[in-house]
Structure formats: C-alpha cells, structure tokens
Amino acid sequence: MAETRMAETEAPKTRPGTKRIIDREEAARARRRRIESIGRWTLPLVVLVLMIVLWDRICVWNDIPKYILPRPGLVAETLWNDAPILFKALLITLRTTILALLVAVIGGVGLAVLFTQSKLFEMSFYPYAVVLQVTPIVAIAPLIFIYISSKIVGMLLCAWIVAFFPVLSNTTLGLNSADHNLRDLFNIYGATRWQRLRYLQLPSALPYFLGGLRIAGGLALIGAVVAEYVAGTGGVGSGLAFTILESSYRLNIPRVFAALILIAATGVVIFMALSLLSHLLLRKWHESALKRES
Amino acid sequence: MAETRMAETEAPKTRPGTKRIIDREEAARARRRRIESIGRWTLPLVVLVLMIVLWDRICVWNDIPKYILPRPGLVAETLWNDAPILFKALLITLRTTILALLVAVIGGVGLAVLFTQSKLFEMSFYPYAVVLQVTPIVAIAPLIFIYISSKIVGMLLCAWIVAFFPVLSNTTLGLNSADHNLRDLFNIYGATRWQRLRYLQLPSALPYFLGGLRIAGGLALIGAVVAEYVAGTGGVGSGLAFTILESSYRLNIPRVFAALILIAATGVVIFMALSLLSHLLLRKWHESALKRES
Amino acid sequence: MSLEGTDVAATDAVTKGGATNEDGTSEGAPLLTLSDVSKVFNGDLVALNGMSLQVRAGDFVSLLGPSGCGKSTALRLIAGLSHPTSGKIDWTGGQGAGDLGVVFQEPTLMPWATVAQNVWLPWRLRGKSYASVKDKVLEALALVGLEKFAGSYPRELSGGMKMRVSIARSLVTNPRLILMDEPFAALDEITRHKLNNDLLALRAKIGCTIIFVTHSVFESVFLSNRIVVMAARPGRVIHEVAVDAPYPRDEEFRTSSAYAAHCRAASDALHDAIGD
Amino acid sequence: MSLEGTDVAATDAVTKGGATNEDGTSEGAPLLTLSDVSKVFNGDLVALNGMSLQVRAGDFVSLLGPSGCGKSTALRLIAGLSHPTSGKIDWTGGQGAGDLGVVFQEPTLMPWATVAQNVWLPWRLRGKSYASVKDKVLEALALVGLEKFAGSYPRELSGGMKMRVSIARSLVTNPRLILMDEPFAALDEITRHKLNNDLLALRAKIGCTIIFVTHSVFESVFLSNRIVVMAARPGRVIHEVAVDAPYPRDEEFRTSSAYAAHCRAASDALHDAIGD
Amino acid sequence: DKVSFGTNWLPEAEHGGYYQAVADGTYAKCGLDVTIVPGGPQVNNRAMMMAGRLTFNMDGNFLQPFQALKEGIPLVVVAADFQKDPQILMTHPGRLKDFKEMKTLPKIFVGDNAYQSLYQWLEQAYGLKASQRAVYTFNAAPFIADKNSAQQGYVTSEPYAVEKQGGFKPDVYLMADLGWNTPATLVEAMQSTLDKHPAWVKCFVEGSAIGWANYLYGDPSKGNAAILKANPEMTQDQIDYSIKAMKDHGIVDSGLSLKEGIGAMSADQIKSFYEKMVKSGVVDKGLDISKVFTTKYSNSGASLPVKKKLTDK
C-alpha cells in the first residue's frame, strides 16, 4: 500500500519552484493562524484601550469640561469611589432585567408557538403584539401603574413589553422555517402537533430564537431602565435609572457616566453570555456556529 | 395507456365503506379551506371588534372615568374631530420613522457586512454596537444635542440607535448561516469576497434580515417617538410625541389615546408592509414563505 | 345494486391496469388503488397524468423511469404528502396514515440529532423512550453497517452514510408498508447487493408491502414482483412488467436466465419510456 | 544537487504509487500530486490514510470504493476545500485555484436563483453578464436535457433534475479540470449512458482532466483510463486499475471483451476493498 | 389612617416640610399615617391620584387645576405651600442686561411641563418664541456649555448645581417677580376625598403647614435625614442651599402667609393669575375657577403659633 512506502511525512523537496509556493502558502497560513489566535484576545483589548484613549484625547483637545463629558480617568475614579452605591443599584436593575428577559422568553416563545399552531389565530392576534411593541411605554405607564399595584410587577411588565417582541418575531420566523422534507417526514410518521413542535419546529427555530434572544437581552436591560424611570423608584432599593436621573440633575456627570458604563458593560456581558449560550447550543450542527476549515 | 381507460374522472364508487371515509375527509378539507378563506379576513376583524367592545365594557363596568381611560367611542370621536392636528403630527413622526428605518437598514446591514468580513473586526467592534443598543437614549440625549446642532439629524440619530441593532444582529446571523456546500462551491470557483457576499451571503441572509427589519420597523417608530421626546420639537411642525405630551399635560386624555391609537395603527401598518415585502421577496424559495400543500 | 356491480368491474380494470401482464405473485388483498391520478404543478406542468395502479398486500412494486417522470411525485401522493389534482387514491382498511416507513430521495436527517436519535424518530413519535427501543435502533444501524456511527451527527457522515441512516430509520419499526425513493442510489454495487438481500429478507420476515423507486433495471428485477415503467412529460405509466420469479430470491437468481430475460424486458420498456 | 536527485526519485515512486499498473494512456504532464495525504476528523476518525496519487493532464481518474471510504474527502482535499492532516498536495503550474469545474455529491443549488441563474454562476463569478453567456448556459442545459426548465426554481425540480443542473453548471465554462462526485447516481441508466458519452465527447473536445467519483464499476471502466479503488476504515487506496482502451470510446466498447475484462478486474478490486 | 402624597420630583429640600411632618410625627398627631411617593420626569403621580391610588398630589402651579376644571375632572386644590413659584430662568452671568432681551437668546432649555405652562405665558408676556425652546432633560450641561442659552430651573436647586460644576454664578430671573403670580407647590385632592374624609384633608393641610414652619424655622434635621435616606444622591450642602434660597426669596412664607399661615391662598391672586393665563391663551376663558380650590383648610393659620414659638415673631 502506498502509505507504507511514503512514510517520510515531511515529503520530498522536489521541484523547488512548486515547492516554494506551497511553502509560502503554508507559512502564510500558519502565520495567519498564529496572528488570529493572538488577535482573538488582544485586538478587542487594544481597541478598548484605543477607544478610552480617544475619549480622553477628545476631552482634552476640545477642552470638554467634566460636567459635559468627564475624562475616563475621572469616571473610573468615580466608579471606584461610588462602587457601593452603584453596584447596589446595578444589582437591582439586573434583577429586573433578568426577570424581564425570562418573562420575554416565556411570553415570546409561548406566543410564537400559539401563532404557528393556527394561521387564523396568528392573523387575529399578531397585530396586538405589534401594538404592544410600538406603544410608547411612557404614555401607557400611568395606566399600568394604576391597575397594577405592585411596583415590581409593573416594572416587569414595562420591561417585558420592550423586550418580548424580538423573541416572538424571530421564533415565529424560525418555527416556520423548518425544512419541508423533514416536515413531510413527520407528517408521514403521524407526528402529533405537539411532537412536530417539540422535535422538529423548536430545534429548527433555535438559531432564530437565539438571535432574537440576543436582541432581547439588550432590550430587556433598556426596558428595565425605562421601567425604573416611569415607575419612579426613589430612595433605597432603586436601580441605575434613579442614579442616572438624580446624578444628572445634580450635574454629577462623572457618576452618570459611571452608571452608564455599568449599564453598557452589563449589556455587553449579557450579550456575550447569550452568544456563548447560542454557541454551545448550536455548535454541533448549525452553520452559523460551526467551525469550518479554510 | 391507463388513463384513456379511466377517463371517468369522478371515479367508480366501489366499496362504499372506504369511499365514505375519503369523502368525509375531502369534505372536511374543502370545508376547512372555505372556513380559512373566510376567516382570513373576518376573524381579525371580529377580534378587533371584540377587543373594542371589551375595552368599552371594561370602562363601563369599572366606572373608569374618561380622564383615565376614555371609552373607545370618545376616542374615535376625538380622532375624527382632531384629525387635522393628529394626521399632520403623524406625518411628521412617520417621516422620522421611515428615515430612521432607512438609516438603520443601511447602518445595520453595512456593519453586519463589515463584521462578517473579518472575525477580528467583529470581535473588536461588535461590543460597541451592543453598547449603543443598551445605552438609555434619555441619558445621552443631552450629549447628542450639544454636539449636533440640527434637530432633525439628532432625532434621526436617536431613532437610529434604537432601531439598528436588530437589523445588525439578524443580518450578521444570516450572513453566517449560508449553506456550507454553497460556500465551498464559491470558494472553488474563485469568488472574490465581494462576490461571495453579493451572490451568496446576502441572499442567504435575506430571511434573517427581513425578520430583523420587521422588529426594527416597530423600534424605529418607537425611536422616532422617543427622539421627539428628547428633542422636544414644540409648536408647529411637531410630531405625535409632542401631541401626546401636550394633551396629557392638558389632561385631554381622549386625545392622548387617539394619538396612541394612531401610533399603534401606524406600527401595525408598517409591520404588515414589511411582512408583505418579506413575503414578496421570499415566496419563490424560502421555507417560511412558501405555500405548501397539506 | 347494479351500480355496485359496475363498480367492481371498474376496479378490476384498475387492478389489471397498466399495459401488461398481471401475474400470480400478486396474491394479497388490495391495499391501495390509484385511479386515474393526475398531478399538475403551477397550472401547466403535468407531473403525473392519469396514473392507475393497484397495490396488493405483499407486493413489491418498483417504479422505473427517466429522471423527472413523476416517480417521486407518485410516492408523495401515496404517502399523502400531496393531493392529486384529479383522480382518487383509495386505501383499503384505512391503512392510509398507518404503519408506514419511508425513505425520501434526499436523506432528510435532523441536523441537530445524532444518527441514533435520527433512527429513533419513528419510535419516538410513537411515544417510545430511547432505552426501550435501543436494541432495535442499533439493529437497524447494524443492518446498514453504521453501528459505529450511532453517536455522530449527520454533517460528519458521507453522502452514502446519510442515505443509509435514512434507510435504517425507515426499517426500524418493521412497518407494513415501505415507500422508498432511490434508497440505494448513493451506494456502491456491493453494499447495494447486500442491502437488496437484506431488504428481501426483511420483507420475507415481516411480510411488508414495498413501493420502491429505482433507476437500476437490475435492482428492480431482482427485488420486485411488479415493475411499473413510467415515461416523462407528461409523467405517465407506459408499461407494467411482471417478474414472476418466486421469492426468496438469492444471488443465484441474479445469474439465472429468467433474471436476464426480465432485465431485457424491463430495459426495453425503459427505452420505450425514454423514447429512443 | 544530490538532494534534488533523491526528490525526483521519490516523486517517481509517488507517480507509480498505488498498488498497480501505471499504464500508457497517462501521457500528459503531471498536473497534481498527492503525496501520502492523510485526513483525520475529530482527532480519531481516519477518513484518509496516506493516499498517494499523481494525476496527469488529460487523465480521467475514477475513484471507486465503498460508502465512507474517503472519496469525497479526497476530492475536497484536491479542490482545496480542506487541508490534509499530513502529507502534501502539489500542483504543477499553479493550476490549484484555476480553471475548475465541480459537481458535489449533493446538488448544491442556490434556492433563490432559477436554474439558468444557477448554471450562469461560474461565469458570473468571472464577471460575465448573463446576456454574454446565455448561449453557453442554454447549451449546457440542453446537454443535460433541461433547456425547458431554465426558468424554474430548484425546489420545483426532481432529484435527478437538480443533479443535472449541477452537472450543467460544472461544464458551462469548459474547464480544464473537472471534479465530479457521483454526478450520475440519481439518473436512470439510459440518461446515464447518454451523459457518459457526452462527457467523453466534451473531454475529447476541450481536452480536460477529470477526477470522477462513482459507485458503478461499469461507469468507471467505460469512462476512465485509471481507476483508483479505495477501501474504508481507514480510507486508503488499495488498488489502481488501468483501463488502457483507447479513446474515443463508444457504445461498441461497452460490448467488447476488453470492457468485460476490465469490469471484472475493477469488480474484483472492489470486492477486495470491501473485504468479502 | 393611611394616606399617600405624591410629590413632583425625587426627595429634595423643596419637599422638606412634608418629610419633616412625617418624621416628627405631626401628621401622626392628627391621626394620619402619610406615605410620600416621590415623582420624577416620567412619573405621573397626578394620574395615580385621579385613579384613586394616591390621596394627595403635589402640583407646581395653578395651570393644571385649570385644565382639570375644563376637562371636568373633580380635582380641588386645598393648599398652596409656596407663596411664590420658585421657577426661574437663568442665563450666563451678564449675558442679558434685562429679562426683556430673553427673546434674543437662540436657545432656552425648558422641560416639557414648563413648556406647556410657563413658557406659553412667556411667549405672550415677553415675546419668547417656540423656536427658541430646547428640551431640558434635567441635566444642565448643555446650558453650561452654551453661553448663549438660558435654562429653566428652581431657584432652590439648579443655580447651585451650575455654580458648583460650571464654576460661575448664573443670572437668575425669578418668574414670580416677573408677573407669574401663581401660588405654587399646591396640594390637591379629588373632590370625593374632600367629601368623604374632610378630617384627612384638614390634618394633612395643617400638618404640612406646621411641618414647613418647623422645617424652615426650627431644626430641620429630622426632615433632612428622611430626605437623605430616601434619596441617597442628595447632599447636605444642596439642602442647605435650598433652604437658604427658599428663605431669601420668601418662597414659602411671604405676603399672605405671614398673616394667614403657610399654605394660605387668596381667591383674588388666583383669579388674577387665571386672567393672565386667559390673556396669554394658555387656558380657556369662562371657567368657574372657584370650584377648583378651597381656602377652607389652607387659611386656618395653623403654622402661625409654631412659627411664633420658634422665632418669637
């Protein structure tokens, strides 16, 4: 057999011309791979540092006073000094966010499933989901808080309204995108509605759903902040919205930015967590998560 | 050939037992089809009417005064009487919405394309897109309006920040979901980056993109309303947000609801328009839009 | 009652339908009857034109014909996945939705499930836990030579392996009726022969009815007792070749002169169908 | 210089690699050389183990072997879609990325494009407008008998028709090297024979090199001048059968005794590969 | 009895009297357990009161009650704890020679509520234009950044922040001094509350007046502690500044209240304000404004003895 004869793996150096081309290619490939594996961590960091330096320079060059745009150093200092207040507030906002996201997922997926079960049901009720999405929270918040006595439930409802639509919309799309051959197969094997949903449509919808979830993650955070605004939680036990509001009224802008940075960082962390989740769930089979050669 | 012999199409009535089953099935199918084609239009209308009646009944049963939740009749009356004001305001909001959606599409797709061109680029800059998404507009609006003197540009920016992320996120997902066999094919035929993008990735991403667009449509509308809030166009030439603010200040709650209903209806119309667009673009080939038998 | 009389006559005509010799091997009760079934796509593409066919329990019917002649369409109609534009499909004994195994022309595997999970599917849809049918799943996989790949995902398989998973799935429940659309096209001839034999053995064991689409004249002759030859544009039945060799058939049959004669007949019919 | 000397010798060994007779029909300049190429998936699945092969310009090489023996993997390596775990693939004259036509085992059509647009693709990627290559596209479609379906979408085609579109696409640019992975598996034998003849005619006309995966011993003998027989687990080359019949080959060749002899040889090799 | 009172902003010294009265038990003495519900820019406490979720609500000036009257909402103002509206416009120092030049500034930052009320009047009375208005999002940075702008504020609050962060003392124009003669920090309740629980109203109005007297003239530390607790962002410095400003400008206690006690209202003053507003087209004419307020509880002089004791005046 051929391989026994050709045991010298790093093979013969024939035809130097040809050889060199391959070598250059291989070397380039190796180099690219090396750069990539380093870049994977350093580049984002470098960009982060650059962004911060740029922010700092912009402040200095344009002589921007700290009550308009504080320099990053000052924000970092504030973040450090005010950590106890800020992180307590963050925790509260985070709680609302996570609860809202959870409810958004349950509500969004639940509605999507209902909608795909019956076209007529979908046609009748989808518009109201859209209505919920486009209604300015600020305008209907009084109504919500009038009839829902628990502030927490009211806030959850507000954040949910903001966050649920992407989950609903993407999941519906996904449920309808199941491969038609597989759908036929399920029909033939006499799958019940529920089985088709469970074993075919839900897995097919997963990538779409996870996409919607990543959008909803950010929206839930915004929703939580907006909900705090309209619920007007003052005093102890209040979240980041309160901090931003009051600090900006008092022109304690460094603290506003510290709070904003916390929100932004939280958003990024939520996004990365959801991306990781998505990767873990899809890496075995979906195009978007598969590592491919070349 | 067989068919010539079997020309009597409504075929022999053998084995009445068997026959009847088929007949019943067929009849059921026909009935279902008939119901569906009627239901397609009437059911949503019926639900709409029911919703309105329910709203009215809730107002009556709970004795809700009109300055908290006006009855639908009153809102309709206001809508009719204040039509000139309201529709002028609607037009203005709509203009912002459409512009914002347009910019969101350009920005979202543009960024998504950039991101799929280089993994490193994506890793470095995607977080900032997330940051934009989760930043509360209210908090950074002052900064925007200090440095952007044109109110319209500022408003567009605000609405864009609200609306662009779903487009970006879904399009990125879609661009990465191109069938790997086709990707290989393009590689083999020596497609350039641009060609692969143009002929393979963009069409593959279309269903995802359109899903994102449908989410963004509603968000652009909300974004426009929020932008009006923070930009505060007073007086003539101001949109629905202003109408809502003013009317709610004047405790003219029926008009607030009339404006809200306009927003909701606009949202639904935008959604339906985008759904139609989606259907038209995908009906030739994508699962989610194909009509299938059975 | 006179009406009923005519009907029976008409049905008989159907039974003897197609062009040629209905033979003795078709002894079972009528299972399903296609009466003048047509299927038109997009209003003008006649995929199937007035197809009449009666399948009896225990039949092994092969559909043979050029690409695009409506074989898959006919199978889909029988499977109830699509409805005839005109004509009727009658099931005797309400078998219609019942105990069916199916192999599509494409492997049609769930990409998110492992090979074993894919094969488990028909059982799963009948509410069986994996543990309770694990033996059957592995047995079916062994039949197609994939027991070592039970834990692989479809994307890790070669084209022929995917198709074999699909075959294993169709057999795992020992169904009474099996519809197979070119199941062995992606396999080498030796594996193909082996699976042909296995399929016949299975058929002998559980006595199932099989409707089988193939492009191979040899395969159709070796496997079936009836070969329905179709022609394209419009898709229609133009011949029926009865293969009256008794079952069980083995490798010996492949070398028999009867086999060669049948092959010639089927091949001629196919040439006829293609019209050259 | 001594080093270079050894190299040439080693290369010769590669050229004569495989198990059997390198024959006279391989006269062109060396085009590509696989030297001890291995491919391992997931760290333990050896899809290809030390495959060595030299393809010369003008060769028609068939890869024959059981399902899962690494034929598609070898083709993917040659196409540059995947990189060998060890070993080298050398191209002479930088042909590597050049003028290539390819048929995957699956049809791989763009679902959003019509048949004509799918066939246009290779030209489109070279910057040709549809109008400027319309004739070629329609000609390629006519070759596979699909000129009437130019405006259809892939989902409206039968399995065999999809595959034929894929074949038309691979031929539309008259490429110098064509890689084909079981292109005719989904076609009936008559259409298959016709396309075999067409392929040989095309080869004669444009003088291209073809690497061809098939499961049909007959097809491989009829088409190629070299048959590489592979075995599975681990995927490897175990025989090479030279088919030294001269081109052009026609239907007469199919009935010649040389053909039968070659078929027997290839079939034996295949039996060897499957190990039964 | 448990009652609740919605304010118009986060806890601050401008609500000192109420926090004081809660903290030192003044309300408790007459039998009320008062919960103070803070407001905010997007919080709509008035709607909460109209829906019966709050007993009392704080309102900035009389325009809203007029609107309520017009819309037939049974809402009654029962006290005005500020004699003068603390609303100001401020500019960069020396930017204007006279408030009359305000109409020449390109940008005036005004919040939504003030735009609907105060600004409408300013347009009529001082010729300001709608196009000058920019949105005040309760962040003074844009004002500080732009020398040619003006900004709304409370005399007790915004100038302090600007002074501290912007490093300059803005020129302050108190609206009350320019003819904006509405009583302010109104306490309002629904007619039904007045009908069913007059005792609550009496207790709350008088208790608030006493609370304010204690807060301004006595030891405000209890009230301040309550404010600081409820609003961790608040500073003692800011509170001190606010109290001083309230005293300096006679926001709470001047004119009528000197004789009739904190919270007192005069029908004539309200009528005069109404007429001004009618003239500037902000409210409709012909409303029977006597229905929208009652001096029955506010003018009882409850705060006078307390103040006397504390100041010996």
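First chain written, first letter: the chains are A, B, C, D and E, and each begins at residue 1.
Criterion: a contact is a pair of C-beta atoms (placed from the backbone, for glycine too) under 8 Å apart; a residue touches a chain by one contact, two chains touch by 3 or more.
Please read all numbers here as calculations on a predicted model, not as lab measurements.
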Graph separation of chain D and chain E (steps between touching chains): 2
Chain of greatest Cα-centre distance to chain C: E
Mean-CA-position distance for chain D and chain B (Å): 48
Whole-Å gap between the CA centroids of chain C and chain D: 31
Centroid spacing, where centroids are CA-atom means, of chain B and chain E in whole angstrom: 44
Sites on chain A at which at least two other chains make contact: 68, 138, 143, 146, 179, 187, 229, 248, 256, 286, 290, 294
Numbers and ranges of chain C residues touching at least 2 other chains: 80-81, 106
Interface hub residues of chain E, defined as touching at least two other chains: 44, 47, 51, 137, 139, 141-142, 145
In the complex, chain D residues that touch chain C: 41-42, 45, 64-68, 71-73, 105-106, 156-161, 164, 181-182, 185-192, 215-217, 267, 270-271, 274, 276
Chain B-touching residues of chain A, taken from the complex the two chains share: 36, 39-40, 43-44, 46-47, 51, 68-69, 119-120, 123-125, 127-128, 130-131, 133-136, 138-140, 143, 146, 165-166, 169-170, 173, 176-180, 183, 187, 207-208, 211-212, 214-215, 218-219, 221-222, 225-226, 229, 241, 244, 248, 256, 260, 263-264, 266-268, 271, 286-288, 290, 292, 294
Residues of chain E touching chain A in the complex: 10-11, 37-45, 47-48, 51, 53, 137-142, 144-145, 157, 161-162, 164-166, 229-235, 238
Chain B - residues contacting chain E, complex: 65, 67-68, 138, 141-143, 145-146, 229-232, 234-236, 245-246, 248-253
Sites on chain E touched by chain B in the complex: 44, 47, 50-51, 64, 67-68, 70-73, 112-113, 115-117, 119, 130-131, 133-135, 137, 139, 141-142, 145-146
